[in-house]
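One chain, chain A, appears in both complexes that follow, with chain B as partner in the first and chain C in the second.
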Partner chain A sequence: MRQYAALFKMRLIAGFQYRAAAWAGVATQFAFGFVFILTYDAFYRSSAQEPPMPWEDLVTYLWLQQAFLAIIMLWWQDGELLSGITDGHVAYELCRPYDMYAVWYARLVALRLSSVLLRCGPILIITVFLPARWRMHLPAGPKAAALFLLSLALSLLLVAAVSMFVYILTFITLSPVGARLIIGIASEFLQGSVIPIPLMPKPLQQVLNFFPFRYAVDLPFRLYSGNIAGSDALVQLGIQLAWVVGLVLLGYWAFGRVLKKVVIQGG
Partner chain B sequence: MIYFKYLRMVIRSFMQYRLSFWLNLLGQFFVTFFAFAGMALLFRRFGSIGGWSFGEAALCFAVVGTSFALTECFARGFDIFQRQIKSGDFDRLLLRPRGTVLQVMGSNFELTRAGRLAQSLVVLGLAVSWVDVTWTAAKILTLVLMILSGVAVFTGVFILGAVVCFWTVEGLEFINIFTDGGREIAAYPLTIYPKWIMRFFTFLLPFGCFNYLPLLYLTGRAAAHPTLYMLTPLLGFVYLLPCLLLWRFGVRHYISTGN
Partner chain C sequence: MITVQHIHKTFRVVKRGKGAKAALASLFHREYKEVHALDDVSFHIGDGEIVGYIGPNGAGKSTTIKVMSGILVPDAGACEIMGFTPWKQRRDYVKHIGVVFGQRTQLWWDVPIADSFDLLKDVYKIPADSYRQTLNLLTETLDLAEFLHTPLRQVSLGQRMRAEIAASLLHSPQILFLDEPTIGLDAVSKLAVRKFIKTINAERKLTVILTTHDQNDIEALTDRILLIGKGKILHDGSMAAIKQRFDRRRTLTVTFAQHETPVVLAGADLASWSGERAVYRLDTDQTTVSAALSDLGRELNILDMTSESTPVEEIIAGLYQEHGI
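Let's look at the complex of A and B:
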């Protein structure tokens, strides 16, 4: 266990080195946050009836999405590992006396965690003090805050578990783009990153409940604003945890299978 | 002509990785597909946006999508120009007896954007039938001009982004705010935004001249001066001139990174 913790820490520290990139990222995420709010503002102003998601909740949702982008975006993957699979560097990994799934999984979690810790601070602090129409609101209460943090931590684990399937599929297709693009793009819609799930039609919402993606974005952000609360919150957190455990087990099994058949490319 | 030789070369090199190419193409198709689905769902929920119907917004979305896809296909070289600066490859271009603009444009074609283009064209076809417009020859011409004007404006913005690299060497992520962010904004008629956004995207980065100005004409909102609004897309081509001048200015001030 100690070796995995050490590798995790190493990756985390390496991630902290990219501070200039982080600042550029913060600026971009601010700009996109504003663009999205502007569009929704026009929609909300033209709406005939009361939208199912109050304006404050929507703005908060959009800012949370920008602040925690590094946790939730699935098209963002570890390029080094992906190219390693196609160019044969993965051979070195195979020689090392550790559990590869665990190490890669820890690596993905560390990559996202270091990036999000660098980026979320400025966005969270500044958006709380913006003028009323643009402001990100504080959590609905201490209980909502606690549930949000718990759920966000599970999101990180969930996204990393789903990400592992990108690498597993890359072992099979040997093309670093395909799996990453398809999973990355489809998940964006299914998560509620394109438009928030409460604004979708009811039947579609029910369909999305059957996928794991919703639990990575929609759930934590709505726990934050108190939109999901009480016993429903606990049930959904349970489902989120079940997805994490299920996908890790399935991924572990599938990873073992592809490693048995792996063909090393090049020398 | 040399431009088409460049194009053929890049197509050939792409075809060496067929599976990867097709998957990428499919992926690009779905990027815009889901963006459009999101837009459609928002209109389902809210009905209209700032007095514009779904069909009209879809037309806007399709024009911007088509222009952007074409620009990324053919002027991608400027978009990723920082790599040439960083690696010093740009020095080689300077030695050749051809213009730098042509060579940078020819250095890369992002053919996978054909997926995005296909999706935008489908939306364009649908939007043309959805909007309440009688399509006269003049209106069809305007629509074509809008798309071409969009290509000119996006190319101009890409060039501006590349010019910045002459001084910064490092590609700047904030350029994306104007290319990708501009695309997001221009996907809706600009009149839905606050005045200062509209002014910025009309006068500084003239997205307005292929977006809402001709759209006013198409949808019959510009009854007073129809011809004037019809011709606004031409301004997009004029925009290329200052961009190219800045490019020349940048090339003159270029200092090689030396590797």
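Let's look at the complex of A and C:
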């Protein structure tokens, strides 16, 4: 365990190294948050019927999405690991006495955690004090807050588990572009980062329930606003946990298989 | 300690003609070429030896190192190192070896080198006491103190290589694999690295296997050489023996006080003569450098001289032609 904890710590240190990037990130997230809110504002004002998601919930959803972007965005991956696969740097990884899947998984979790810890604070604090129409609301209650935090933690584990497949595919195709692009773009839509899932047509919502992505974004953010609550919340958390376990097991198996076939060429 | 027997490794490389047509055709039908990276390689290395593993690019050096460090699985053959088969008992085995790939880095780019070292301490589960001892020793002998707390991206290449070597020795391995440890280094850093390898080998009885293109590395560090070409071991022995066996030519350059008429030497070709500088090519079967010099000394007032043998890489290129491989 000590090995994995140490790597985790290392990734945190490396993440904290770049303060300027963190501040720039915060600024970007604010800009995007305002753009999204302005866009939806136009839709909501011109809508003839009552939209299926209350305005306050939507704004909160959008700000949460910006605050915790580092946890949920799947197109963002550990560039060092990806380039390591293509340029043969993994040679060193293979001479270490540890389980590579576990270590890389820990690295991915740490990468996202270090980034989100640096960035979410200012966004969460400032958006609570914005004028009413722009304001992020507090959680629906202490229970909703607890469920949200639990679910967000599982989101982090879920996103890292899905991410591992980007690395597995990169071992096979030797180019990080394809895997990252496909998983990145598909997940953006399927997890509700482009359009919040409650605003999608009902049949589509049913379909998205069969993918893991929804549980990484839609679930925690709607638990926060109390949009999903009661026994339904517990069932969905159970499904989220099952996805984490299932994807980690599948990824572990697949990772072991590609490692056996690794060829490191040149000097 | 290390026994390698009849190792074979073949890579399949896509073969295709140039141009758009061939590229298009290869989408549907691919032809592969088999490259025998290792072709029946066997050798034995004892405890505490320093062995230089040399050969031109693509000869199979790195492939052998990768097989021996458990990264690559050979197609056939056996390899036993300290009782382990590297690729089968990888996780247990790699605790006992240190590896430096000169062209890659094992340290973290963004963080101080000391943090990377601390990470390795945890990765290899090194007890705190022995870690401190080893680190102190390495810091002193490799002169790391001044940049130990600098992020890797801000240190020079020579400093980085010293840090890399230190990193691969923190867990006190019994075998050290060095794949081109002096690549790109300046003369001073090269000397420092060589001296350190010598010292650690003598003090800790560390077995060292290094690949290099720098003949001076070999001459400074080791008596035993494994010469590999096209996946086959061509020679196992000393550098002098290789030269004796494969290289009988010397290029002798002398500079002297003005002397207009060229001096002809028996058993040597005069390659150029300028009145104060001459180049001879000797065949050591017919004459020796010392005989040639004493003949020249009678005629000329010699100011300076150099005698060069053919670089090892050229010898091997010659061998390729000779054997048609």
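Note that in this section the second predicted complex is superposed on the first by the 265 of 267 C-alpha atoms of A that agree within 3 Å, B and C clash if a C-alpha of one lies under 4 Å from a C-alpha of the other, contacts with A are read in each partner's own complex, and residues count from 1 in each chain.
Rule of thumb we're sticking to: a contact is a pair of C-beta atoms (placed from the backbone, for glycine too) under 8 Å apart; a residue touches a chain by one contact, two chains touch by 3 or more.
Values in this document were obtained by computation on a predicted structure and should not be read as measured data.
Placing chain B and chain C on a common chain A by superposition gives a fit, with no clash between them. Once both structures are fitted onto chain A, a short way to say it is that chain B and chain C open up an angle of 90° at chain A, using Cα centres and rounding to the nearest 10. In the superposition on chain A, contact of A:98 is made with chain C only, not with chain B. Of the two partner chains placed by superposition, A:242 touches none, neither chain B nor chain C.
When the shared chain is aligned, chain B comes close enough to touch A:47, but chain C does not. In the superposition on chain A, contact is made by A:13 with chain C only, not with chain B.
When the two complexes are overlaid on their common chain A, residue A:138 makes contact with neither chain B nor chain C. Of the two partner chains, neither chain B nor chain C is touched by A:128. Our summary of the superposed model lists a minimum C-alpha distance of 10 Å between chain B and chain C.
In the three-chain superposition model, chain A touches chain B and chain C at no common residue.
Interface residues of chain B facing chain A in the complex, by the touch rule stated above, are 17, 19-20, 23-24, 26-27, 30-31, 34-35, 37-38, 41-42, 44-51, 172-174, 176-177, 181, 184-185, 188, 192-194, 197.
Of all residues in chain A, those touching chain B in their complex are 21, 24-25, 27-28, 31-32, 35-36, 38-39, 42-48, 51-52, 173, 175-178, 181-182, 185-186, 188-189, 194-195, 199-201, 204. Across the complex, chain A meets chain C through its residues 2-3, 5-7, 10, 13-14, 17-18, 80, 87-89, 91-92, 94-99, 260, 262-267.
Remark: chain C residues 11, 62, 66, 69-73, 90-92, 94-95, 97, 99, 101-106, 108-111, 115-116, 118-119, 121-125, 151, 179-180 touch chain A in the complex.
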